[in-house]
Each structure stands twice: as C-alpha cells, then as structure tokens.
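This is the structure I have questions about; it appears just below.
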Amino acid sequence: GLSTPPGPEPTLDLGGIFPPLATPFSALQEVDYAQLEANLRRYASIPFRGLVVLGSTGEYPYLAPHERLEVLSCVRRALPRDRLLLAGSGCESTQATVELTVSMAEAGADAALVVTPCYYRGAMSSAALVRHYTEVAEASPIPVVLYSVPANTGLELPLEAVLTLAQHPNVIGIKDSGGDITRIGLIVHKTRQEDFQVLAGSAGFLLASYAVGASGGVCALANVLGAPLCQLESLCRQGCWQEARELQHRLIEPNAAVTRRFGIPGLKQAMEWFGYYGGPCRAPLAPLSPAQVEELRGAFSSTGWL
Amino acid sequence: GLSTPPGPEPTLDLGGIFPPLATPFSALQEVDYAQLEANLRRYASIPFRGLVVLGSTGEYPYLAPHERLEVLSCVRRALPRDRLLLAGSGCESTQATVELTVSMAEAGADAALVVTPCYYRGAMSSAALVRHYTEVAEASPIPVVLYSVPANTGLELPLEAVLTLAQHPNVIGIKDSGGDITRIGLIVHKTRQEDFQVLAGSAGFLLASYAVGASGGVCALANVLGAPLCQLESLCRQGCWQEARELQHRLIEPNAAVTRRFGIPGLKQAMEWFGYYGGPCRAPLAPLSPAQVEELRGAFSSTGWL
Amino acid sequence: GLSTPPGPEPTLDLGGIFPPLATPFSALQEVDYAQLEANLRRYASIPFRGLVVLGSTGEYPYLAPHERLEVLSCVRRALPRDRLLLAGSGCESTQATVELTVSMAEAGADAALVVTPCYYRGAMSSAALVRHYTEVAEASPIPVVLYSVPANTGLELPLEAVLTLAQHPNVIGIKDSGGDITRIGLIVHKTRQEDFQVLAGSAGFLLASYAVGASGGVCALANVLGAPLCQLESLCRQGCWQEARELQHRLIEPNAAVTRRFGIPGLKQAMEWFGYYGGPCRAPLAPLSPAQVEELRGAFSSTGWL
Amino acid sequence: GLSTPPGPEPTLDLGGIFPPLATPFSALQEVDYAQLEANLRRYASIPFRGLVVLGSTGEYPYLAPHERLEVLSCVRRALPRDRLLLAGSGCESTQATVELTVSMAEAGADAALVVTPCYYRGAMSSAALVRHYTEVAEASPIPVVLYSVPANTGLELPLEAVLTLAQHPNVIGIKDSGGDITRIGLIVHKTRQEDFQVLAGSAGFLLASYAVGASGGVCALANVLGAPLCQLESLCRQGCWQEARELQHRLIEPNAAVTRRFGIPGLKQAMEWFGYYGGPCRAPLAPLSPAQVEELRGAFSSTGWL
C-alpha cells in the first residue's frame, strides 16, 4: 500500500477522484441548470472526493463570467459540504483572474483551479507565470491549484515554476494533464516537503500517477465512468496493483475516446448512454457524426462498459 | 509594377498598411483613452489605409467586452471616415463572436477581424471552422476578415477552409500571420476569381507577400515605423523592387524584436523612442529588463532607425 | 506482486534491465575495444537481463557498418551465453536493415533492435512502417524488437503499426522511449494475447512502466547506475511499490542529466565517476563545459549517488 | 530588375536553378546508371546552372557510400564542365562527412552540399554545428554549401550559426528548404558583405526568395518542370514580376504534390509523364496508390502542365 507522505499535513486533502463537470446546455445552447442538478443527483452516490466546475471539460471559454459564477453557485447548493468544490477561475489577464477567483470564493468554491494564461505564449516565461500565479494566490481567499493542460493551451507550466510556486502557502497543488509521468514523479519528489499535492489530469495515466505518488485525479471520464474510477483509486490506495492494472487497461480506450479523440462532444454523447444528461456543446464544438458515434460506442463496448 | 487583379472589384479595398493598434494603459493598467487619442493624432499624417483595433497587438484577450467596445468607439470618433477601421471581434464561442461582431458594427467598425477560436484546437477541424465563420459572416452587418495567427493560437486556419470561406459574399479577406509564403501565394492564386484580399500579418514578410500578390499588411511594427512601412508598400506597388528590398531588409530585425523576440512589451518600449505613448502592458505581460531594452534598442540602431 | 502474464510463453524472455552500451572511443575517436571489454567486466556482476549494443546511446549513426559488426562481435565474445545480446541493426533503407540484421545474427546477436527509419518521415506512414518491419522480420534469423525513439527520430511508431506488427511471430517486443505511459499501458493491454513484451526506453518512467505491465527496461542510465536500476526492477517485480517509488524518485534527475539534458557526453562523463571508461564521443557530439560538468555532478550528488 | 549585389565577387556563382536529381533504380531497386544517363541527356537542353546529386531527393540515406560516389562519377562524366555539380556529402559524424566530402571532390564535384547532422538533435547546438561545418570546410578541397532541411532533419540550422559560418572562406552558401521567407531575407541581408549565396530549397517559394535577394534555387520540381523553373528564374532576374507571379502561382500545387504531399514516389511518378525515367524508390518508400496517382495528376492538369 501507499505510505503516509513524509511532508506536512495538507491544508486541504485533495486525495481522490474529481470529475470535471461537463456543463449541460439546452438545445438553444443555454446553460440548463435543471439538467445540471439532475446530473449532480446521479453523481451523489459515487464516492468522489469532490467536483471541479469550469475546467476545460466544462467549456469554460464559452461561458461569460456571470455564467461561470451561476454554474458554480448551482453546484455549490447541490453539493454536500464534505465534498470539495474546485472552481476553474483562470483568465488571460492577472487582473481578471484575481477578480474571478475572489468571486468564486465568495460563491462557495473550496479551491480555485487556475489554468495557465496562454494567448501570448511566447511571453509566458517561467518568471511571468510565477508572477501571475503569485499575485493570484496572494489575493485569493481560497487555496489555489495550478492547472497545466498543454493540449489546450500549447503551453506546459515549466517544472521550475511549479517548484517555486509549490512553496507558496496558498498554492496547494497542481492538476497536470500533460501525461508526462517522469515529470509527475519528479514534481511529487521535489515537493515532498511542501503542502502540495499532484492530481493526474486524465484517466489514461491515473494508475501510473498513483504509482509515482500522486494524490488523486481530475478525470473527464469520471463524468461517465465515475464509479470504476473511484474503484481504481481505491485499488491503488490499497496496493492491489494487479487488479488496478486490469481496470486501468480497460479504461484507456474509453478515456481516449472522450478526450483526445472526440473531445467534449464525445463525452456528452457517452454521458447519454450511462444515464446522464449530455446534450449539445456550444458552437463551434459540433456533435459527432453517426460514424463517429459508432466508433465512440466501440471504445466502450469493446472494453465491456457497454 | 503590379497589374490590375483579374478578379471582381472588391467590396472594400484593403490595399495598404494597417497598424494593429497597441492599447495604451495607465500605470494602474486601466485603458488610457487620452493617450490613445494622442497616438491617433500622431498616426494621422501617415498614409495608412486604416487601422486595426483589438488585434493580438491590442491585448484584446486582456480586455473585457465592454472595454473592447469602448476602445473601438474612441478610435472611430478620432478616425476620418476615409480611413478603414477593422475591429477584432473574435471570441472562443460562435455565439459570443456573433454578438461582439454585431456590437462592433454598431459602434462603427468597417470590417470585423475574426481570429480562429483555439482553446479546443483538437476539435477545430476545417469543417468546424467553416461553420463558425459562416455563422459569423451570415450574422455580421459588416464584412468579415479571417485571421490566422498560429504563434498565438497554435492553430493555422486550414487552406481548404480559407478557400471555402473565400466564396462567402461577406468574407472579404484574410490576415495571415503565419508567414508561410508558399501558402500566401497559393491563397492569392486560388481566390483570384473571388472578392477576397490577402493581408500579410507581419512586416517581416511584407515585400514577399506583395511579390506573390497580397494586397496589404497588418503589421505590429507600423505602430513604431509606420511611414517606412507605407513607403515599402508604395515601392512594391510601383514595382521598385530593388529599393523595396533594401528597405525590407532593414525592417526585419526591428520587426522581429517587437514581435517574436520581445512581444508587446518590446513594441510599447520602442513606441516611446519614436514619440508615441507606449506605457505598460497588462499583467502577466511584463516590462523588459534593462538588458532586454538594450538588445531591443540595438535592433533599431544597427539598422539605422535610431 | 506482478501476476503471471495471461498470454503465451515468450519466445525470448526480455524481463529485466538492459544497459544500451555506450561505445568507448579513444582520444582519436577510434573504437577502443580494450576499454569496451574492461567496461563489460565491470558490468558482469550486475544482474542485467542482457545488453544492448548499438542503440542510440551507442552512437550507432557514427559507426560504419563494419564497426557496428566488430563492436557486436567483441561484446558477444565477452558476454556469458545466459545474458541476452540485443543488437541495433536499423538503417534507413529496408534493404540495408535486412543485410545488417542478418549479419548481426551471424555475429551472435540474440535479437535485433530495429529503430524506425525517419529521414523521409513525411512518407513513413503506418503502412510503410508495417511493410518495412515485416520485411525485416521475415528475413531475420533472430527475433526483432521494435524501437520507437521520437526524441531522436522525430517519429513515433504509430500504435496501430505496433499492434499489427505484434502479431508477427518474429516480432517479440518494443523498446518505447517516448515515455507516453498511457500508450505503454495500452500497448501492453492490446498485445496481451501475443508473444510480445514492452521495454521502457528510459529510467525516468521505469516504475510507471512496470506498474502498467511492462517487462523490463533499456535504460541509458544503466551504464552508470546499473545496480540500483536492477534493484528498482526487483522491487517492482516483488510488489514493493513504496520502496520502489522512493528509489525511482532518486533516479529521475540523474537520468534526465545523462539523457535529455546532456546526452551521451553527459553519460560518458558520469561513467568516469562510477568506475567505468567513458571517454570522448565522436564529433559533432562535444564534451561538456566545466559548468555543465558541475551541473551534471549536482544531479548525482543531490540525489545521494555521489 | 535585380541590381549587382553589393558584396564581393563570388568564388563560385550559384545563380540559377539546380535540379536535385532523383536517383533512378531498377525494378530490383539497384541504381540504374543507364536510366540516369538517359535522364541527363534530356536535361542537357534546359538552361540549368548545374545539378545537385545526392540531395534529399536523391534518396541519399538509402545509398551506401560507394554508391554515392558512383552516382556522382556517372553524372560528372555526363555533365559539361560549364555546368556546376554539387554533391550531397553530409553524414551524421564529422569524420565521415569529411571523408565523403574529400572523396566527392576527387570524383569531380564542384561543391559539397552538407546537410545538418540530426540524429542527436538535442545536442546539435549552434556551437556544435559551427564546429562540425568548420571542420568540414577546413578539410574540404571544394567549397561547402550549407543545407538546412527541417522537414527531414527536424532541425533548422540556427541563424547565428549560418551567419558565423558565412564568414568562413570555404563556405559559400546555403540551400534553405525551410521556406521561412523572413529568415531567407535576413540571411541575404546579414551576409551581404560575404562571399555567400542563398538558394531556395523548394519551387514553392522561389519567386519570393528572388524578391528578397536569393541567388537561385535547388528545386525537386526541376526534375519534372525544369524549363518553366528556369523561365521563372529568368523573369525574376529581368524584373518581370507580374509574369513571374503568374508562373509561380501555377507551380505551387505541382510542387507541393511532388514534395510534401507525395514525396519522392510522387516525383518519380510525375517524371514518367514528362518523358523522364522515374521508376521505383528504395523501400520503405512505396509507390503511390492509384487514388494518389490521380490526385497527383490533378495537381499538374489543373494548372495546365498536363
């Protein structure tokens, strides 16, 4: 099994699985709060550590700031207090990120998940990013979790920036979606004396991340297969690596199908098959073609989930 | 000299140089409209074809929607009617882009410059982008100019999407900042029967773009060296290629310094040297270090501009 | 601990650690066979599964075909028969690869490690690579191990090509140096019914690879820290994941230093510190600067190896 | 028209078009010298400045060193002395490159075209490449032309290395296949005082390269459409830019088809249509499928060449 980590007790224990909630839209692409609440009721029985709202999977770039806050408030109302609520509050400018983070805290978020700004990526040096996150962490009433997702931002938060920021008392972890397991292991190792936890950003490398010392995972696939992911987490924590491996293996293809391969439209389609409301994405994200739906279904059926 | 293009008369003649205006901020990083107006007065004597507001150089991702509209209104008031005003109105979602484009038109923009959405770049297929732009073009009261800037978006608007969109009556051109001169030549060639014009997105390849048939340029460097860029344009139009080449050569290094190398902070620093207000950028864009300022100065002094 | 794999008995059990031998050169950059033999004597007491000659770490692109054969013959003579000898035999053309593979077999190699051809990478489709490897596997008297090393070749052997080739009776495994742990897990999973084994191509993700079902590792770092790597392998096999993790963590930085960061010149420098002959590389690979040597040393001393 | 360049008289005037010869193979993939000679006879009437043998288009990585020398000797015998013969002599190691360059000189090459070594690209710093090329230039009895082809090598010869090497008396130019026209213009500008000439590495950006001051082109397409490329060169030299542009536009798609899109197999197929011997490539390069042949033909027929 996993040993007690040698570092200090965490401010906020992030250990476990978090689904980054998909945001339900109506046919007219308006946020559908009733369906959001219905999904939350279905998730209530799954032993998630908490939820993430307005991560990449939540189509946050397609929501206006007021919509981001309303989604958060809706989820907060529905969520028992013992479940953590992480809210994506990253914007391109430092100032807007600070403002939204403060608003998110006021609306009940337990921690802020802050994506790297990326439009001027050529200027986003390690020093610039350290300044950005430090300013946000200083101003934020709630702890900050770093968020590196190169597939969307074209930018990996540099290791040295992560290690510097891990020393800030209000920076408590990172969601790393890059999937570079060597880097994940090194971050765990180099922050072992800090109040800092590493969350795997995808179900595809969840077991491997636990094996090198991660604390949990924020996995889009948990919108669909939440219970098996919590089971995988439990097996890893108990040291049942062989069973864990077999389960992990069955999750790779469904995970790839709802992330890299077909993205959020694929995820929302799969949600329908598993009893959740999926619905449309906002444009320009488009529904899958019938052939793509078939391929998506194959990724779940060939692995025994459908 | 350049011949009359074989295609139809353009809806809106984009032939010439456009500076994509830097947005002036005060020390507190608020938009400084007085300095914006002062810069516009200084630009008034330069034979620009028009201005671009809220392109990448205008730090548009750091401005709230209402700020984007106010900046546009301010510039429209200051700009003579015979100068074109192109307004960056691209957002991540189709819906937000449509809304902002309509607002921009109402506020006096002559055309909308619409950057590719990019956060979910894995899903931004040629088909998805064609749908996005078509919907925007249908809804827009003013002509639409496509905008491809891979250095910022990590995404090049695919050639086939460009050629499809060029056939839409309300899509009148592209600003191509990628710098692939073969592609630029091919776009000119394949759209020669359309009401479609190509603008070079950087001063570094302006002459080459004219040589292969482009109509003009939207060049960050024009914030600093507007007159020489208009002179370069004029030499190209008159067929004085040798003089043009000598001028182009002297502009490459200053251009690289205020774009790729030092970005908008470098551009704003250089603006100060040439009699404009530069001022700070919004964070996380940071001012240059003294060593960087020296290197920047060297790019202008070694080429005889300072 | 690890269970018995569900698939067939392997033709050749690749389970364990293989150092990809550095090729010793004299001051005049000639192959130094005496030093090669001296290194082999020092490696003899380490429980490696076998050795790899003429992998990327062996500077194979800098050796003439006759040198490649002589190095192999030298190692074969020195190596006990119960240790496996894998020989890099990949060339750009299929024909040259076939010829060298046959020669390697005649000179005593137990298996051929065949890197992807890469110069015309735009043409190296999955189909082209399947044909290439199939032709080599058909002609080879010894089993073939695929070798994907995108950092050097700019090309990843596509997953679908790996899965197709895994079905060939004379293709028994892959050395995967890309470090994408999701892919590694998926390859293990999808080839579980085949006579096919996966070797991690770097010490940085060795534990994670074992965790997802790999059989062993070909790790440049084993030229320097062979015993700890064999210990890591043993801990993984016995299911002592916590101890394994602590050891893995201490190996990441030294490994990065002798691979990505300082390459073969760094590896050869470190070999000197651990009692092996390192010596120069062939040009254009250059010795480290004194500052680089210090940084390299720091990677080993800060982790307690020096 | 183009003015006399301001720099010194060149050692060797590279001004004009060079086809990088495809190497003809028999059905058994052996070099077919008779067909090579037949092609040379057909090329004799085209006003090429000279020929390149064993560039990327010549499949040099698939030829043994003795084959490379034999191909060169064959071409030398057939080529009038007033036509330049450039020979690709680059290898991965400095030592092998020196040896092959010397042999090429002895066999009659007028200049050596030396590709960047690339397998250990992480270690190919500007300093390492400067040392490599300097050592080759020192040892070479004939002038050296640098060769940067990132699509194949994954490596661009850094600008600063080019500028440093341009000062070496035995380095007389560069073939730049990257197509970054800003860089090409800057190289021309920064080497204007040197005995250094820039050759465009592809027909797609030939006109643009002339416009910014290049001296000529080494264009795969010249194996097929040599006369039109020489005409394009002539129009550029005479300053007939409009006619040049129209011709350039018609050449982009055929060029893309025989380079990026379909590679050498596409080029060899097209050669057959224009009266040359194309024949097979060496494996793993594979013949086009019938559908690809149709698409290739379309690129030539839609532009009026077939």
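Just so it is clear, A, B, C and D label the chains in written order, and each chain counts residues from 1 on its own.
Everything below uses one rule, namely that a contact is a pair of C-beta atoms (placed from the backbone, for glycine too) under 8 Å apart; a residue touches a chain by one contact, two chains touch by 3 or more.
Treat the numbers as computed from the prediction; the structure is a model and nothing was measured.
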item: Between chain D and chain B, distance of the C-alpha-averaged centres to the nearest whole Å; value: 35
item: CA centroid of chain B to CA centroid of chain C, Å; value: 50
item: Chain B residues counted as touching two or more neighbouring chains; value: none
item: Chain-level touch network, classified as line, ring, star, complete or other; value: ring
item: Complete list of chain pairs which touch one another; value: A-B, A-C, B-D, C-D
item: List of chain A residues in touch with chain C within their complex; value: 1-3, 179-182, 185-186, 188-189, 202, 204-205, 207-208, 211-213, 239, 241-242, 245, 248-250, 252-253, 256
item: Of chain C, residues touching chain D in the complex; value: 29, 56, 61-62, 64, 92-96, 117, 119-124, 127-129, 131-132, 135, 151-154, 260, 263-265, 282-286
